[in-house]
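Residue numbering begins at 1 within each chain, and the chains themselves are lettered A, B and C in the order written.
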């Protein structure tokens, strides 16, 4: 039996008296692409930050890629690629230098070759020696994906990746995310954009008031609308 | 297929189709730590040597401060000798806060601190990397201010002993400063808070640095200089330890 | 809300009574000192408040360490209480010191080790509160506070040692002194009584204020929690 890549049991997160996540349970199998949806303040970003080892659970068990958090967070981070709405890039360095830096931080082997691959994948080879602060938001986000896959992570977390992107940039991001997904990585993405989520993801979980209120897969949805499902869940 | 559950994990088995085996590190913890420290320091220095924003700000600021002291104190030649080390260290202390603030706000603003925290390295590596680059910036500024001061005031500042004192003092200053700057950059008051937090706490090393510098410039014999150097050494060791241990607590959530 | 524990109420009363007695001892019972005159009486309370400030200082450092280790918010409350009390008492010490210094050395302030270190410690405390004021999240505030309290606690003694290499004119009443220190005096039995009673009194006052302040802090914390749960 294949072990779940992400296992979450009874996750509780409290911030100074306020309980944001109440006994969350969540499993993701290898290769799944889960879209985590929900209204603002539902706890999506909080949850993702816990999975990313940036935040610590108050109670409960979390395992990612076979390692438990927060105890074995370094091992988890090695297998994790994160894309946020902030680019997490250094504006005063070139694209190449940014990738060089993160490659070193992750101990990526054959780094030069890997950087070339990533630049080709993200279509930024021509701009490799340009400073990141001259990049448009869309290009920065593409480079950010490059950074996120540089160390060949098993699991990827995307936190509202389409924030601030125009149509063209969003379309490019779509393609990139599809490429990344096709590489067999396990992905959890939070998004406000239901239409996009519907196109990319294989599974849709709705986070409401601190727990997973409902979960459905593309197969289960069939012809019906994700939006309708979403509204119905939240109305309940 | 089974996962290798050891902490010092070796090659992760390729679960997925497609990608050829690429960047999986097999290195042990210690070299990885050092590599991370080096990478962070290299990143800061590269970025700075390109834009030179931080550096020119610290530089110009230092020269202005020295200039202001000149007019504010209106010293004759003999008095100047006695206050030289004081003026120098006040200048370094204030220019240092500029550097520290800028170095840490750069991480905070772009959300880059998260990027660093996501890397599979010890938090202490982030501390040492930042502290190292902060130290280098400070030393470079000091290396330029000294000759300029010498030139402007006709006082010879080229003593090997002085270099040692400046090094020890700067190490102590940046060791605590990096920790406190990481804190202050996460508060509402940000830049303003750093000098308020830093100066009371860095006082011992400043006192020792000024006294030792004066003694060296006056040509005093080593017995009066050594206690101050010892104090700086003690301070540096204690605070480097305290700072990197405390660093963990101020970056976690 | 819980009522004030009886023990604490008793301590409140005891503190006031002891303070009154200590005042009597210092101002009337103890004889006038030969060289310095009446102003020397300040000394009894001056040392006692310095002692109290020091208690608070140590308590703050310890509380900081314990908080970081246990992550129990209670210790953060203890730490804040300790810093507040120490802040006030060191301030009183400095003021009393100035009152003493003026007639004796003809100056309001001297840059000697003890006084300067007290002043630097005050600045550390003020910085501590400014740091806390700039942070919204209580857990972060507690953590940052603890780290800074520990850094301050390590730094202040080193500051003291550093300044001590300078010459001091502070009276060395207890312990071996620099022979050039002026203003030293030997204490007669009556003076000793006043002195030690003042130390005792202020220790009691410290415990009383400390307990009250911690209680106040916990109650304030509970109020915050109740507020949040109503808002949800």
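Please note the rule applied: a contact is a pair of C-beta atoms (placed from the backbone, for glycine too) under 8 Å apart; a residue touches a chain by one contact, two chains touch by 3 or more.
Keep in mind the model is a prediction, meaning the values are calculated, not measured.
Apart from subunit A, the touch network of the chains stays a single piece. Ranked by C-beta contact pairs, the top interface belongs to chains A-B. Centre-to-centre spacing of subunit A and subunit C amounts to 52 Å, using the average Cα coordinate of each chain. Subunit B and subunit C have Cα centroids separated by 33 Å. Subunit B has its Cα centroid 34 Å from the Cα centroid of subunit A.
Subunit B meets subunit C in the complex at residues 176, 179-180, 183-184, 186-190, 193, 196-197, 199-204, 207-208, 211, 227-228, 231, 234-235, 238-239, 242-243, 246, 249-250. Within the complex, the subunit C residues that touch subunit B are 68, 120-121, 123-124, 126-127, 130-131, 133-136, 140, 143-144, 146-148, 150-152, 154-155, 158-159, 161-163, 165.
Residue ranges of subunit A in contact with subunit B, taken from their complex: 3, 30-31, 49, 52-56, 65-67, 72, 74-75, 77-80, 82, 84, 86-93, 97, 101-111, 114, 117, 131, 150-152, 154, 182-185. Residue ranges on subunit C touching subunit A, taken from their complex, read 137-139, 224-225, 228-229, 232. Residues 15-18 of subunit A are the ones that touch subunit C when the two sit in their complex.
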